[in-house]
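Heads up, the next two complexes both have subunit A, just with different partners, subunit B and then subunit C.
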Partner chain A sequence: MAVVTVGYLVEWKPSGVWVDITAHIKSVEGDLALSGNPDNALSFGDASDVRCTITTVNLTLQATAYLDVPIRVTFTIGAMTEREFTGIITNRDRDQETLAFTCEGYQRPIKRTRVYSPAFFRRPAATATTIASIEDIGDPGYQAGLINYALWSAGGRPAEQDVTYPAALFYYSVPEYAILAPEWSWLAGEDAWEECLKLARASGGQLFQGADGIVRYLQPLSFGSGTAAYTFDEDVYGDLTERGTGELVITKVQCSYVPRVRQALQEVVNDTTPRLIAAGATVTVTLEAQNPLASLLLSSGTLPADAIKATFLDGRTPTAGDLDVTVALLGQQITLIVENTTAYPLTINAISIQGEPIVAGEAGTASAGSGDTAQTLQDNPYIQSQAHAERLCAMVLAFHGTTLPLRSATDCVYDPERLVNETVNLNCSRWSLSSVAHLIVAKRHSETGIGAEYDMVPVTGLPKSSDFFIISSTSYTGQTKKLGF
Partner chain B sequence: MPNVTLNSISFNGDVYSNPTTTRRAPKLVTPKPRKIGKAMIAASGARTWVHRSAKTDYELEWENVAELTRAAVRAIFDLTTTFTAVLPVGTATYQCEEQDYTEKEAFTMPDGTRYYNITLLLRQP
Partner chain C sequence: MYGYETPPTFRTNAFLAAYDLNVLRNNAIALDGLANRIEAAFDSTGAHGDPVSYNLHKLGDFLLWRGGLRYETGYTGLVVGGRAASFGSTHLLVTINNVLKANYTAASTWGSTIDISTGYTPGQILDVRITTSGNASKTSEFVVYDVYPTPQPTISVAWPGTLPTFAGTYAAANLQKLSQACDYLYARIASCPLVPHLAHIWRNGTHKVEDFTLWTGTILRTQTNEQIRVTGNVTVRPTTESLVITVVGDTTTTTTTLGPWSAGQTVAFDQAIAYPSGVAVGEYVEIRIVAHVTATTTPFPANSLYNLQVLHSEPTAAAATAPALSTANTSVTAATVDSRLNAIATLLTDIKNRVDGSPSFLRGRAMRYKFSTDDHQAEKFARTYPQTFIRRGARLIVSGKNISLGFGAITFEKDEDGVTDYAKFKWATEQTLISGETVQTQTIYLDSIKSLFPGTTYYLFGDVQYAAEYL
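Our next item is the complex of A and B:
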């Protein structure tokens, strides 16, 4: 392509509808990466960033509140039009002539979401999203993974069901199930994004937001599974550099695990805070157990009669029906909605709840490989069995036991069709590379859709989905594959 | 000497016109087309022109004009908005920036009347 015509469109949504603010845009620059780890582009569960800086000379925009306003950038080159950035405005700098908006992806609202969830037993960290998958956490048939749960709670909706949820804050997508599942998984009010990253690390996956704004969970066997449809060669890049990662080659991986065991029914909450409930009034009592709970002891869907010790102000003891108690359990959090159905005020003196706690057991260590160059995986509450730890170690060793140099193609013409997580071929006559498959792990654009740089990692030889038997509806005949890590 | 109208002010006088009552037409109207974009050169030397848009500016030149014309041209340069210009090529909107006006004294008559050489660059926004 000797001559290409480029264009751009910048829109923001300060009040419910997208508004074109393209006029007077001075510059748009940004980047997107698969992994936030600059030393290891295929690391599991490291936070990746999608960022954009938009500078405009339209000072009238400063009259509009900017914080958390959705904003998106679309580039056109030739006949191709692609969304390059979707996110929210997190900061604004200004001088006498320009406004510069700093924009980030949807990590920010996800990080600020504090989620409580039920405790899930042996459920994949992320389950595949489809047009029919049940993703609504309020649905009685909910069977999706904890990452799905967290993203839904943060306002995300499955991209495959965008027609059903056209006004979602953001969309998420899980093309394939996570290949490892913790024994027990739950959310207890922590930073939802950090918990999703922990789950991704425990299952060997990667969580990132694409340029289209969709937050995706990728299981690692997908990295090497793509087919290249595009080739980077000397006619495409101005320069090609390589950063060796020999120091990252490991021969042994170690990982600790902390088993979680479901224990027998026992007292899990004993609260003696006095609570006054006026006649006919309702109070909400939120209690936190020391451990996540697999179940509570209930009677006809509510607490047993002796779970709540209460007295009327004149000393009488309430009888059956005087208190109406609704119980909800989310992981470690128990929420009681207590209604005083009588005409007299009463005091709750003590609440004693029985349940089955999921308690941490004796920690252990597993490993894969041997030798002196060892990597110890970060402690993770979602690695709860020796088998899980061993499989994770084997997976990390398979991906990082060989050198994976990071190759950067710079001074490229911006190409909206080149995406992070896309498989491409790379040619370089000086390095004797010819049609070597690479995964694009990062993309940086500049000069408002004119230039781009791409980071890529060779994926030849990496484990991929087709190396394994996948338990589903596929029939295998006369094939030799692996069962798993 | 092509006649022009800048911001509804006519510059249509010739050498025979009264310089104190008729604004002189410019001696030259020179187009200055420009392409906006960037040339990207690949490792192989392959060149790609990444094209954004094309614009044409016009440079107007006056020679030996009197104060009436000088002041009128200067007033166009001093505008703080865009304006409509009717040029031989057609009518369009233009603006003047920074140092788009130059003025040099060509000569002074014995009675003190000054004559100027002026250039004005009209930029397509």
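Our next item is the complex of A and C:
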């Protein structure tokens, strides 16, 4: 009988390089779920929830600062080696003999990122990342989505370009474009992770961090697109249970929307705060408009001459060239860098800026389907037109119009090669299931590498990417496919 | 603009969405309608006493025409022209903002292009007036045919060139050409504002046995499949009266007679009139609307009361046939997708050809000021001769003072004896746009006016010095 060896490798990176700390580790426990809502496995937008608790055998590591230190766990079972967790340490408990590190995924640093962005018009919420896609938000040719913008701002870099950015805090990947695009999308200093979730919900996608640490945006048509390379046979699991989700079968989906309209040029900021600028000095003035702005009224790249009312302390009025103003617009935030180029101090008495605001209109409601079993989608500021709301409703109905039971395979031997978001086949003779395609939506392991449980959802019959016409140079002559949502 | 939305941006490796195809399709339908533009008639003169008709006015000099236009970057000339007869040695003086810019010797055909390349700023409202000088007859004839700036406004979007033919492949660049075509056509059509004409709201006709000219103006033929429409009402008071509409072409004249009617009749008329033969696209027809009274009541003869609410040209061709709508997540053959995309491309190309051939989209003409001799008459006729729009656009730019917008049913006041005063009335909905005695220019977003739906006829009254609707 062959002997199967089981082992794990725990590494952390407190100062720039990965350090093996396996010798100090007693146990690793955690789980990984595709969806944060166990009752709604294919729910759009819900975050993945990746956590892990690592307990040490001694107090050796207590001297090292632990907060936000990257940490990763790799399991080896027999010949299979697979990274099972990548994240950061968020907390540490200790007693007289051991340390217990609480570890989370990269949601934490993203959540703490407060970023302002320009307002994008009809830009897909997430755009596909490739080896050549422009992801640097400072690049003049930037055309990526707002989720891409937020993840880059939080320190992420595209996984497809990891060679270019080897020291990234984390990597993100968008295999396919988000299906839907808000009319207007922007970031105004909120919790970047929550905003990404709102965008994902509004575009019918999911945010998901894999065990490899890559934060991925998945559009729903990818769920059923995988090809099964592994079968959960009856000798793989000890028990198979199913939780019916009949209550989630819906015949109608409703969604509200609040239109956002770009209005004509008008005064958007009128600031009367007095500001003293010493001779030759530069001040940075940050102003916030009431609404996001599509554009500002500029003259030769700077504010018009009458936008800033200023006087020298002796009462004289500055002339052209006395003030050098650099303007930057990010959504609602206008940043002015004002330099007094003269040898005399002056006071800015008022700043009046004109721009084109993007203003909310009267809310409306859209729906798809009919009948009494209705689901109402959560209000979302990124659903800004009836058409968008209708498309989203149609997409949700396509996924939730049939039963999607959650099946749990328990008492399994831990298999590091089984990944969340992997397509597998499931056999169960008692349920008359034979090679039925399922998507692994969650897995839980405990007692370090001994046992595991896998939650999975059948995806046969769900719309998938290959069913649809794709904009490309592919010839579809003679073929029958579907048009997208 | 209602019915049109920003076309989609197509990206390689994105899904070909039913929604995006439907946006292109619906935009093509909307653009097809917009390209068949209803053009308001150009108002030359009203009736004698209100203040002048084309062939009956006071002895001596008078203000023949007054109007406003909005100066835009790139304008170099103002085209002014018309015809005259029995003019003697009259001159026609053209002023812009009270500065003399042209002095024409009256002739059977008079006019030119006045240089306006300098001296004006974009957005400035120009006050254009045409005044006679040396007129020595009460019955000399003067008709202003048109006042408009040139050249055509420039737009920033380019036509993408020959539109592709789809055959099973849906490359982003080819699909994007359809979006760009929509962008171009919309920008091209939107660059020329929709200018109103003057309605006549229960204005007086005549009580005498005579031919009483109510209105004279012109219509420019903008496409082959087009006709003229005159719509209104009359409350007849003379014993026998007809309404005669004369359309004068270059070589042929047609006459349409409505009636005869008799005293006490209240008549609504809605008359479509074909262009006289020989009138080509780009040529003007002169239109005269005359109250023809052959017998009047005695004693106590009284004037008829007329509404003239529609004076415009309108297309007669049927709307183009649009491809079927696409449905998401439903199987469809590539051949069907090809046919829908190609039908959209064909429709957009046809629209482009129509826009290129129509003078409607070559200029934003001037707006005629209401008929009046002086401020007193202007105030008296504030509601009688309102600027009239059929709402098609989203924005209204209006300049002047004490301006209100009204639409809906009309309610008349009665005097102390309970007699209806036809000069004092209100529309069901009225909203002040500009108040006070200072001339202002305002942009009004028409969606903000409740129940002013696209297709609604609405009126501007007050001291309206310029008004135009933009998509």
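What we mean here is this: the second predicted complex is superposed on the first by the 481 of 485 C-alpha atoms of A that agree within 3 Å, B and C clash if a C-alpha of one lies under 4 Å from a C-alpha of the other, contacts with A are read in each partner's own complex, and residues count from 1 in each chain.
Operating definition for what follows: a contact is a pair of C-beta atoms (placed from the backbone, for glycine too) under 8 Å apart; a residue touches a chain by one contact, two chains touch by 3 or more.
Source: prediction; values computed, not measured.
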Looking at the overlay, what does A:364 touch: subunit B (first), subunit C (second), both, or neither?
neither
By the touch definition at the top of the document, which applies to A:237: first (subunit B), second (subunit C), both, or neither?
first
Subunit A contact check, subunit B vs subunit C, more residues touched by chain C
Just subunit B (first), just subunit C (second), both, or neither: which does A:463 touch?
second
When the two structures are overlaid on chain A, which partner does A:280 contact: first (subunit B), second (subunit C), both, or neither?
neither
What is the contact status of A:451 with respect to subunit B (first) and subunit C (second): first, second, both, or neither?
first
Regarding the shared-chain residue A:128, is it in contact with subunit B (first), subunit C (second), both, or neither?
second
Going by the contact rule set out at the top, does A:412 touch subunit B (first), subunit C (second), both, or neither?
first
Output the subunit A positions appearing in both contact lists, the one against subunit B and the one against subunit C.
none
Give every residue of subunit A touching subunit C within the complex, in rising order.
121-122, 124, 127-128, 176-177, 179, 221, 263-264, 387, 391, 394-395, 398, 463, 465, 468-485
Of all residues in subunit B, those that touch subunit A in their complex:
37-38, 40-44, 46-52
Which part of subunit C faces subunit A closely enough to touch in the complex?
6, 8-19, 21, 167-172, 175, 326-335, 337, 395, 443, 445
Contact footprint of subunit B on subunit A as seen in their complex
1-7, 77, 233-240, 411-414, 447, 450-451
